[in-house]
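Per-chain residue numbering starts at 1, and chain names A, B, C, D and E are given in the order in which the chains are listed.
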Amino acid sequence: MSQGHIENRTNPAFYVLLICLVVMSAGPIVLMLANSFKLNVDITSPTASLFFMPTLQNYETALCEFLPYDPEHLRRCDPTFGRALVNSLIISLVSTALTLVLGCMAAYAIVRFRFMGRDAASFTTLIMRMVPPAVLLVPVFGIWNEQFGLDGTRSGIILVYVAMNLPFVIWILQSFIVQVPIQLEEAARIDGAGPFRVFFLVVLPLIKPGLAAAAIFTFRVAWNEFLLANALSDRNSRTVPVTIVNSITEYNIDWGVIMATGMLLAIPPILFTFFASRQIITGMTAGAVKG
Amino acid sequence: QMPAAVYEPYQDVTLVVNFPAHPHYDAAMRVLPLFTEETGIEVEVDQLQYLRMRERQTLELTQDEGDYDLIAYVVFSKADYVFADQLHNLARFFMDPSLADPNYNPDDLIDGYVQNIGVAGGTKGYLPGPTGSLFGIPFGSETSVLGYRTDIFEEHGLEVPETYEELLELACLIPELEPGMGGLASRAASGHQASHAYLLHLNPLGGGIFDDNWEPIVNNAQGVEAAEALKSIVDCGIEGSTTFGPSEAAAAFAQGQYGMFLDSIAFAAGFEDPSRSTIAGNVGWAMHPMGVERASQTGGFGLAIPRNAPNAEAAFLLMQWLTSPRIDLMIAMEGGNPSRFSTYQDAALNERFPYSATFGEALRFADPDWRPIIPTWGEINADLGTTLSQVLTEGVDIQEALDGVAERARGIMDEAGYYAWQ
Amino acid sequence: MNIQAANRLTPYMFLAPAAAVMIIALLYPIGYMVYASFLDWNPSQRIGEAEFIGLRNYINLWNSDSFWESFWVTIRFAALVVSLEMFLGVGLALLLDRQLRGMAVLRTIFILPMMIAPIVVGLMWRYMYHPQVGVFNRWLNDLGFDTIPFLGDSSWAFASIVIADIWQWTPFIFILALAALQSLPSSALEAARVDGATGWQQILYIKLPLMMPVLIVTCLLRLIDAFKVLEVILVMTNGGPGLSTEILALRISRTASEFRQLGEAAAMSNYLLILLMIITAVMFVYTRLNDARLARIRAAGARAAQAEEEAV
Amino acid sequence: MPEIRLENLRKAYGPVTVIENLNLTMDDGEFTVLVGPSGCGKSTTLRMIAGLESVTGGSISIGDRDVTRLDPKDRDLAMVFQDYALYPHMNVAKNMSFALRLARYPKAEIDSRVKEVAVTLGLDQHLDRRPGELSGGQRQRVAMGRALVRDASTFLFDEPLSNLDAKLRGQMRAELALMSKRIQKNMVYVTHDQIEAMTLGDKIVVMRGGEIMQAGTPEELYRRPANRFVAGFIGSPTMNFLSAELQQEGDALFVSGPGFQIPLSPERTQSLDGRKDRSVQLGIRPSAFAEDDGSGSLTLPIVLSEYIGAQSVLMSELGGQSIQIEISTAAPIPAGESRSFRIDNEELHLFDPQTEAAL
Amino acid sequence: MPEIRLENLRKAYGPVTVIENLNLTMDDGEFTVLVGPSGCGKSTTLRMIAGLESVTGGSISIGDRDVTRLDPKDRDLAMVFQDYALYPHMNVAKNMSFALRLARYPKAEIDSRVKEVAVTLGLDQHLDRRPGELSGGQRQRVAMGRALVRDASTFLFDEPLSNLDAKLRGQMRAELALMSKRIQKNMVYVTHDQIEAMTLGDKIVVMRGGEIMQAGTPEELYRRPANRFVAGFIGSPTMNFLSAELQQEGDALFVSGPGFQIPLSPERTQSLDGRKDRSVQLGIRPSAFAEDDGSGSLTLPIVLSEYIGAQSVLMSELGGQSIQIEISTAAPIPAGESRSFRIDNEELHLFDPQTEAAL
């Protein structure tokens, strides 16, 4: 019943503010986009203006292996981008899905059950989030290699991403699960659902906004993570962020290509965000309980 | 031509090599298919950004069985890898008649490079000497040279500087002659970049980081002079140049904002590329100017064979092939950095890259000891770099700053055990 | 509210998969790392080869000026960044919590900064802060002002990384705050409107209190992450000028990879860990105490009520 | 306190129209009760008056002011929500005082008002509980309290007593009646309780499927329902409906059906002139039956008998159609017997079978 | 279907005890109705039977099985929650079929059951709406439907009809009565509606402050309330209570107070022997008054008169205490007059003023 709000006549100041904010937020990205269509000589020029000859050269470089022709400015095509893209997609999606499922199960346990070691579990989880990846790198590499035999595999990377993101997901979802009216769970239990079905059939659908927000973030981390991916992946499982830094050598920051690759690289997470953020909707529990 | 019989035993091998993302290696990779063609050995290249490559190698080399047969390493990795006994001593291969090419002509390799990059175990541990031996072969190495704007120099009738006095004078004269233009483009950003720029001047001006007993001497008169030189160069640069890394410095020069540029030869090609540079055709090259001595920086990459390489012999064959005179030239023609004097003298190459002869000449003065290649260097370097950054941006007193660096460096060295024998 | 007599194992079953993953892939390596902090260990060694040196790493750090300088830079950075981001992120969420056409696109735009690879973000900002080429200084120039040494002066550099971080991470708070907002019971808001609450009052008295659980966790998580920011600053300033932007995470990563002293890096991150644990524990204890206090008040009220009822 | 006028009010959720062309004026100080079957649009109407639901068409004005697009906070009204809508994070006292605190009432006054209302509602023991720690009825009382502490010019109540026990409900009803007399504010009240509707309302509005069927005083509705629907809806137990025909015998008009033939009064006969031999719907309230001693017109078999203290509800049959009878009796009437009843002519309601309008 | 036994049941929330030592047996197939003032612990009792609330003390058994610590899903019961607790992300059909789907009923059967119940509840038009798009009463019906489709051995209803209109409520009541006859399952039903309690319950349990005041058949409770509380709680309008004294005059015993003196029957006199001259509480139901022609014992002034179709509720005064009278009248009785009434001796209830127990 709560759907038709009275539309406030929106203040014009709201739109002005909104436009300012959009400019602030998107400005750097627009600049990036613009630069991705420039030659380096234009990018680093202190005098170049808004007007420049757009060129697709940078994109040609980034995507050379997919092009039916050989771009003439390019002397050699790095053939790993496509493979890295596939790896990145698989690793990010799988690890996001796993993290969410495992994470919200754990969060649910912590929120809804009283059991021995509950606070300890919850606190430890948070602590684990605090360790910087830089110091984990060497132990993780050693353990993955020598003890798990997972080095160079996608599963190895997925494992570490899931572990790294779990504390975040567990903590953030806790606060969303708390808000699900407990009466719904009670109703489901009366209807004969065991704890798992209560969770998957009733709780999970209702924390969609929280899940979506967590998913956006988890996906983003998995998609952009660099340090561990570099250490744990081999040629075949390497992800895009690792390949992109190849364009940054000490002597030569290939601005155009980096911006182009950066833009291309941002497309999957943007699409992901776009669809995930549609799940952030209001009124999930409208009409559920009276009170 | 090497008889194919040498390669026969390795027909089924696929070599995995680890290369940095670097113009020289890009050039090498364009030539690489020829190797497979000639020898039947497959090669897979794993290319990474050079710092990442180093990180990965560090981890990889501790394994029992490694992934890589042949690695390219950054010069300062030499100390770590050799110390941890992770590289093959190349003597083992050069002694093996079934592997070593009699026409390899090692004398032709640029000594400065070999000493700096390839040899370990001699003087001070990281330099050549009676106790030293060879662990790697330079491949994609660089040295410092002076680039200048021929058009500007011509217009104002300027002489190409031969000595540091001339250099420093010009560095501050150009901004006066050409308002808005900086003198000498230099790195200056906090940390490694500032330190690097400082070291560029330290040796030519007669200074050094340590004396022969590992006592820090950065704070002696020469050290201070080098810092003053750096400061005056940066001060006579364009606004904001204190944040420049090499790419910004190069970009500023390429945009015509500087009259001179003193850094690695690796930048030369970029200045001639109109998609990156507005000054193509107007760049002249000269040797690194002389202070009390001529000493150009050396650095870059070398090739080595890890101890845990699955196919060490075949890897050696590839290494030898890549650094042979014929292929060295071929790679140079593709835009790589030669490792051999003969290559620099090659007429065809000079025709293609007119500055090659100058570079070859500069390399005769390549200094392998412009900074220590020891495990504690990373920390000292970072400290030196941040302290110099404070000198450049906050006007901290130079002597005081360098005294501090020396003191802390001594502490670091002490802890690492360098004074145990005293 | 729950009966958990029937199946005491249930919570453990829910927890088990996540716990297993975290123990294997996180706790175990962390154990190594804690152990490593007592070692003189360089990454070319295996852990067994490293020398045990007791607390020396900790003592060295404790006596190191630059460590403390980094430490304070980190604290300043985290405090500033997190409070500004919370403010902006929550504000933005409140602003955009309405039905407008194209809202999905608008939200995506605001989330965008978080989605760009950190290295690219760092480069972009370095580019924008560039003394000649950067947009900011070029605007200043065009408007006739002096240029600003965004990255070349220690205070400006600090401000610059704060701005970049806010730009990049406000979306994090924004998404979570938005999700929290959208999960609010709409009926309470309707009641507030009827009760005469203005927009601000609804925010202050209804929305914010109801979002609080999410906001607290968000703030905590962001704080933790702010202590771990690395790539963007690395690319932008590499910690400079001087040590003005060298936050601990950067120092840790450099100690591990540049200085190759894993033991010291581990000790440093343990210091950081201890600090964060203290912050978290304080928040934990505070909320617990608060809850307990409220419960006590209510219990007292209830007892009084019961006593009265019995007396009647 | 000015009058509220709804003009051509329309509300649709997408394709579903739930309020259709509603016209209603609630006079200054009037107590209006909305009744109607579940889902007929009572809450929606209330929420539109409150400004919580956007209006699809038509207009709402309070006094001379068109408030159709005004924000709830500017309409100066208090409301009890059907689903309570308590603030989950505030205790009972805070819930009740929220509006007053927003309006910056002095603290002492807030406290005294809250205290007073809480005592009336029997909530004074629970003032520092959160809603989650209350029983259903207690929550509803908090919702009620939140409106009662206020000074608004209009009060909207959406089934405010549905979850209270009879006694409390009686008290609250009395309280509301008193209040409505005392403060003379506009009150709009939704209820399913006949007694509430009858005793509280100055005017009762019967709705059905988003339309108003009849609006008038309680007695009007009970005595002169405008159509079959209102007749069936008002009064409990509900009116019995029988298919019948109007038959003329001489001057007299009879309603007759299988098994019965009841003469109509002369006035009735006159007004129904021209309808003779037409079929009609005959409505008789269960309470219209009175036992008589055999002289009455109807003898009915008792099929089922329910005794609810001092009163009996009987199920019977008339011409194959089952009817309900409610009479006061001292003792239960056993099922299976037959009894004789009479019906007052005034209590006969006739409706057109097609239009369902009263004749 | 086996009997449910609550033994020494106790429930406390921290320091607040809400159920105190409850003992109750609900027989196999019995329809038990819980009534009591708001907040007395009805819902809590129901929820403990369901297994949703942990038990602080005592035990619950169903048949021979002690279920005190059993999970709800293993108790085989269906429940209508007071606050509905609908699954907001499922449409009406999904809500109703959830339990059946969990139990893996064949799809065709699920569909037919849901369809059937939905028709009964008048929800068949709304099967694919989400709860958020329903009116309050429609939601309550969905909650009801969710229980009705099930095959459970015990049904728990927590005020399931409170938000429905009279007509629908009547239908549903009939439906429930039928169902309880037909399927002979245990039903426990919480309501505030007297009619529901009286007509549906095989047994009514009156609670107050977490304790049982009286349990028995509806007639028992109405005719022979065990104490003043039950007497006041059952019956609507509520019983009038007057402070009085027992006075003996000769053989006859009188209850008398200021302004009245009513003789007691000889049986009564006998059973009250030994109490003479003691003060008592006299209870008279409003419906116990009957008009007579002046010969009666009481002449009362009519202070206020409310006419609610076929019946009048009168406010009067007796010895300074206000009383309520309900009588059937054809026409409204004007206030201000005085009328004469008689009271059947059977309808006089006497209570001990201290213990409140019936005498």
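We adopt the following convention: a contact is a pair of C-beta atoms (placed from the backbone, for glycine too) under 8 Å apart; a residue touches a chain by one contact, two chains touch by 3 or more.
Computed from a predicted model, the values in this text were never measured in an experiment.
**Student:** Which chain is most remote from chain E in terms of Cα centres?
**Tutor:** The chain lying farthest from chain E is B.
**Student:** Return the chain pair with more inter-chain C-beta contacts, choosing between B-C and A-C.
**Tutor:** When A-C is set beside B-C, the one with more contacts is A-C.
**Student:** Hey, how far is the Cα centre of chain B from the one of chain E, in Å?
**Tutor:** Here chain B and chain E have centroids separated by 94 Å.
**Student:** Measuring from the mean C-alpha position of chain D to the mean C-alpha position of chain E, what distance in angstrom results?
**Tutor:** Distance between chain centres, rounded to whole Å: 22 Å.
**Student:** CA centre of chain A versus CA centre of chain B: separation in Å?
**Tutor:** Taking the mean C-alpha position of each chain, the two centres sit 38 Å apart.
**Student:** Per the centroid of Cα atoms for each chain, what is the distance between chain C and chain E, given in Å?
**Tutor:** 56
**Student:** By residue number and range, which residues of chain B touch two or more other chains?
**Tutor:** Residue numbers touching two or more other chains: 55, 59, 62, 251-252, 257.
**Student:** Quick one: which residues in chain A touch 2 or more of the other chains?
**Tutor:** Touching at least two other chains: 1-3, 5, 7-8, 44-46, 137-138, 142, 245, 248, 253, 283-286, 290-291.
**Student:** When you check chain D against every other chain, which residues touch at least two of them?
**Tutor:** In chain D, the residues touching two or more other chains are 13, 43-44, 51-52, 71-72, 82-84, 86, 133, 136.
**Student:** Within the complex, which stretch of chain A touches chain C?
**Tutor:** Touching chain C from chain A are residues 2, 5, 7-8, 10, 14, 17-18, 21-22, 24-26, 28-29, 31-32, 35, 43-46, 102-103, 105-106, 108-110, 112-115, 118, 121, 123-140, 142-143, 159-160, 162-164, 166-168, 170-172, 174-176, 178-179, 182, 195-196, 199, 207, 209-210, 212-213, 216-217, 220, 224, 226-227, 241, 244-245, 248, 253, 255, 258-259, 261-262, 265-266, 269-270, 273-274, 277-278, 280-286.
**Student:** Quick check: in the complex, which residue numbers of chain C touch chain B?
**Tutor:** So the residues of chain C in touch with chain B come to 42-46, 60, 66, 129-133, 137, 147, 149, 151-154, 237-243, 246, 254, 257-261.
**Student:** Considering only the defined contacts, which chain A positions touch chain B in the complex?
**Tutor:** Going by the criterion above, the answer is residues 39-41, 44-46, 57, 73, 75-76, 78, 80, 137-138, 141-142, 145-146, 152, 230-231, 234-235, 242, 245-253.
**Student:** Give every residue of chain B touching chain A within the complex, in rising order.
**Tutor:** Per the touch definition, chain B meets chain A at residues 16, 20-23, 26, 29-30, 44, 46-50, 52, 55-56, 59, 62-63, 67, 245-247, 250-252, 254-255, 257, 264, 266-267, 270, 274-278, 334-335.
**Student:** Under the touch definition given earlier, write down the residues of chain C that touch chain D in their complex.
**Tutor:** Those residues of chain C that touch chain D are 185, 187-188, 190-198, 201, 205-206, 209-210, 297-298, 301-302, 305, 308-309.
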